[in-house]
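I've put the structures underneath this note.
After this come two complexes, each holding chain A, first together with chain B and then together with chain C.
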Partner chain A sequence: MRKKWTKILLSSLLFFLFIFPVLFLFFKSITFGWNWPDILPHTLNLRAWTVIFNDPLIYRSLFTTVFIGVVVVILNYLIALPAAYALSHGNPRGKTLIETILLLPILVPVLAIAMGLHLVMIRLGIADNTAGVILIHLLPTLPYAVRVLKAGFDRISPDWVKQSRTIGTSQAAAFFIVLLPMMLPSIRSAGILVFVISLSQYVLTAIIGGGQVTTLPLLYYPFFNSANEAVVAGFSVLFAALPILFLILMESSIYLYKQWLHRL
Partner chain B sequence: MFSSARSFLLLAPLLLFMILFVGQGLYRAFSESLHAGDNFLENYEQLFTQGTFWSSLQISVYVAFVSTLLSLIIGLWITRTLFRLFRTDQWKLAAWFPMLIPHFVAAYIIVLFFSPSGWFSAVLESLPLAGTFPVLVNDPLYLGVIITYIWKEVPFVVLMLLPVYQEIDWRMEEVGRSLGAKGFTLFRTVEWPWAGPVTAEVFLILFVFILGAFEVPALLGVTYPAMVPVLAFEWFYQGGWSNRPLAQAMMIVLTFFSVLLSFCLLYAVQRSRRKWMKGGKSNA
Partner chain C sequence: MLKLRQAAKKYEDQVIFSNIDIAVKAGDIVSILGPSGCGKTSLLRCIAGLAAFTEGELFIDSREVTRIKAENRPVVLMFQEPLLFPHLTVLQNAIYGMKHGKRKLSRKERIRQAEEMLKKIEMFEWKDRYPSQLSGGQQQRVSLARALLLQPSLLLLDEPFSSLDAHLRHSLRIWVRDFLKQEGVTALFVTHDREEAAVMSDRLIVMKDGKLQQEGEPREVYEQPLNKDVADFMSDGLHLDGEFYTASSLSISGSQAGTYQGIIEHPLFAYGYTFYRIKIPELEQSVVVRSDEVREEGQQVSIAVQQKGSAADD
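Our next item is the complex of A and B:
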């Protein structure tokens, strides 16, 4: 009995600690002049959202941010899926060494790497533009993508692929029809994780983008200390809403893929 | 299982990226941190004689250590208490929600609640108790930064520990109990052999990440002492790039420190794991 109450207590604590603050952010964004020492707002007002959606700079950087995020996710799949597959079902020589090397971007400050790459990327002409920012966002995302996808492959027995090969499917078909459907949960979590990490980058974008590539975080920092708390709160809610938008995008492509599978 | 050659073909794009970006980036950062003249370590000597650097390093290690330790303790406690509940998805969602929020937005949430003109301060003001709300944001003790990191990283700790706790053979607990173990002994002998290595790994990931992260301390920190990444970013652009070698040298020192720590910790985990597999005196 005591255990049950602890659980209920802890679960409501969890809600207040982790979900309530974000809801609070949302409430803050639809009020006006809710300042210290008012505990509750006087009026609800959509003024902050009008400010946000009338700012052409925010509009444009919203597009840039989502574009960069989606391309980073796609590149992550292209690079990490084969690598995770090889690490899980294959047997490369020096596997432990490779896995340690893959951990490097996690175990080393990415800022050091980005600072070292700055001059090279300027010389190659990939600094100060979107391409460079996309490439540098691979740095903090790839180790996590490989990790999540490898854990996914580890749960699938290699026998599945062997079986499909014995009945004569090609390698590509075995991948798309047998492996990929089983990998969907991992692919989904890797995608959302990578998108959120890309969305959270400020300093890498600032250095390699050179102020020329304005993603949302680059606009957010100057906003941070602004007096209009409702606008900053609304801007913050935007960041929480983008992963949800991405999830919808992702779910619809998974739906299309499943439709395609059924038609085979 | 397929051949080593085919594995390398599949790994090639990733390894190429690692060499071109991580390898080259570290190499260039190191070579740019060296002095062109006779004494090639001059930048490092200059760095080590600066009080600014030492106070930055001190505050960085302190913030990273305290945030990581508290996140781990709270995360471990939540996982232990709730792991049976977490079988269903809606509970997982509740605990993992902060993972969807970028660090700088989390920093703003902390400002809304904990700043002197924040919500908690307003609540305290309305209560009949006397007393002013303490300064927790942009404070020299970096409490706002630490609170932000705890809020963000506890879900990560839970995410990493949950699979471990769901796989522990809980019959071992009954064995331990019937042998007369209780409390901490039970925890150490039943849970820790599984949870320990993952805890060490999470400690490493979080500690190194917080040590090298710019986003939160740039918003909630103070100018002096600034955390190392904030100071490095400032030096990187200062005086027409003339302080760049110094910034690079500082980040190289931080990198060296991180790698050294990783090696020690991973080695210790390996050793204790081997000891545990063999049995013997260590856990008797």
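Our next item is the complex of A and C:
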């Protein structure tokens, strides 16, 4: 009996903390003039959503945000997977030093680094464009990705790769066919973590993008100043939907990969 | 078949093994036996190509393979753990090597051969299961199938039964030996269990401190160990004046007439007989002797030694 009540209490707590706010936001976005002390809104309509979807800037920035996020995730995998593998299963000289250097970007205030890098990027000609923003987004993401993936590799015995080599698979093939499937949980967490971090960058994007690269967070502020709360709510729902879109994208790729893996 | 000449492995000034010469005939099962840390596992990994010899030459099927990568050597190594790929089914695991590995076959052919092999090891009904759904012994059988489907010139086994419980270990090792013999597989087998080595192999090699101590048929090594280390590890008996007397030449005389005085430490029961471990303080040795009389722990006994050559037709 007590167990049952605890369960109910926990579920309702979870609901009110995590699900209710999102539902509320969504509900808010389809209301009109819902002010205190009204318990229910006067009218329901899609005016806020019409405002949002009639803004061409939003379409462009939605695309830019997702594009930058996905490229940042892919670059993270390309750099962090080999690095984490070498740190975990290899025995490079100065392992601790390398690990510390890889962690530095999150120990030193990112803003300080970004200011310096901005000058370099201007000289290189990658300031004020998407490439520069993608590069600068690696700064707050890569250290986490290496951490998460290294922890994943640490759990896997080096014997797996040895076993598949003695069966005759090259080291590269062993990586894709044996290690990667075992790494999927870590790859999932690293991916979503990196995407969400990239998604919420405001200052870095603003400095390096120079206002030319408009991601959703950059539009968020002007929208927030608008008097219409329904529009702000709608915008927030849209923002929250992006990680879900990313999850769907990632899960579909993983599904295709598994299908490929299971061919006889 | 396999020929290893003057092999040595050093790791940062530390000698793991040295002066190793081994020859294995086609179709033979040879065991390398030795205590933990004697270098036997490193030797096996070097033969597999997963680590490099510091010195020496390795020939397999008369071809020198010393510098060839593990993935291109005609050998397969089985580890202590079955290491079946957890995300693949039993059939997919069996097929793995014929798809990505040393023996590439067409899709139809690899499925046919894998299914045939799974029938032989009595795992065909389990072909669509995942490794986690199998018992330890079943996993090790599938692992053996995956290795043998590659038709390696030489199969290397690194204590493949050590992760199993005693009962399963006994039945599986006999099954594996019979299966390897039936398939005509040449195998090199590493273990620290002398009984396992004796059951499994045609010949055995005793190793200690990185050196080969003795090579021969199991009975030969048991009855005529060449030195004290081999005797201690592989045989039962007493060292007297630089000579070794196996337990079969010892008996408990009970009276004071025997040559050596001992104290019964504890009894052992095996294969229908009772044995006693006896401590002999004056020799600083212990020995296990069979006796049909019931004896107490702590009891004083005398050990009689049958002199060599005197009991040829006893």
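Keep in mind that, in the parts below, the second predicted complex is superposed on the first by the 250 of 264 C-alpha atoms of A that agree within 3 Å, B and C clash if a C-alpha of one lies under 4 Å from a C-alpha of the other, contacts with A are read in each partner's own complex, and residues count from 1 in each chain.
Just so we're on the same page, a residue touches a chain if its C-beta (ideal position, glycine included) is under 8 Å from a C-beta of that chain, and two chains touch if they have at least 3 such contacts.
Source: prediction; values computed, not measured.
Chemist: With the two structures overlaid on chain A, would chain B and chain C clash, or do they fit side by side?
Modeler: fit
Chemist: By the touch definition at the top of the document, which applies to A:162: first (chain B), second (chain C), both, or neither?
Modeler: Only chain C; A:162 stays clear of chain B.
Chemist: Classify the contacts of A:233 with the two partner chains as first (chain B alone), second (chain C alone), both, or neither.
Modeler: Only chain B is touched by A:233; chain C is not.
Chemist: When the two structures are overlaid on chain A, which partner does A:96 contact: first (chain B), second (chain C), both, or neither?
Modeler: neither
Chemist: Does chain B (first) or chain C (second) touch A:259, or do both, or does neither?
Modeler: Touch partners of A:259: none, neither chain B nor chain C.
Chemist: With both structures superposed, pick whichever of chain B and chain C touches the larger number of chain A residues.
Modeler: Partner touching more chain A residues in the overlay: B.
Chemist: Taking the superposition on A as described, I'd like to know which of chain B and chain C A:86 touches: first, second, both or neither.
Modeler: After superposition on chain A, A:86 lies in contact with chain B alone.
Chemist: Does chain B (first) or chain C (second) touch A:112, or do both, or does neither?
Modeler: first
Chemist: Between chain B (first) and chain C (second), which does A:54 come into contact with in this model arrangement: first, second, both, or neither?
Modeler: neither
Chemist: Please work out how little space separates the C-alpha atoms of chain B and chain C at their nearest point after superposition, in whole Å.
Modeler: Least C-alpha distance: 10 Å.
Chemist: Touching chain B in one complex and chain C in the other: list those residues of chain A.
Modeler: Overlap of chain B and chain C footprints on chain A: empty.
Chemist: How about chain B: which of its residues touch chain A in the complex?
Modeler: 1-4, 6-8, 10-11, 13-15, 17-18, 21-22, 24-30, 32, 78, 81-82, 85, 91, 94-95, 97-105, 107-109, 112-113, 117-119, 121-123, 125-126, 151, 155, 204-205, 208-209, 211-215, 218-219, 229, 232-233, 236, 247-248, 251-252, 254-255, 258-259, 262
Chemist: Would you pull the chain C residues touching chain A in the complex into a rising list?
Modeler: Residues 45, 48-50, 69-72, 75-77, 79, 81, 83, 85-89, 91-92, 95-97, 99-103, 107, 110-111, 146-147, 150, 156 of chain C touch chain A in their complex.
Chemist: Note which residues of chain A are touching chain C in the complex, please.
Modeler: 157, 159-160, 162-171, 173, 177-178, 181-182, 258, 261-262, 264
Chemist: Quick check on the complex: what are the chain A residues that touch chain B?
Modeler: 6-7, 10-11, 14-15, 17-19, 21-22, 24-25, 28, 35-39, 78-80, 82-83, 85-87, 89-93, 98, 101-117, 119-120, 135-136, 138-139, 142, 146, 158, 192-193, 196, 199-200, 202-203, 207, 217, 220-221, 224, 229, 232-233, 236, 239-240, 243
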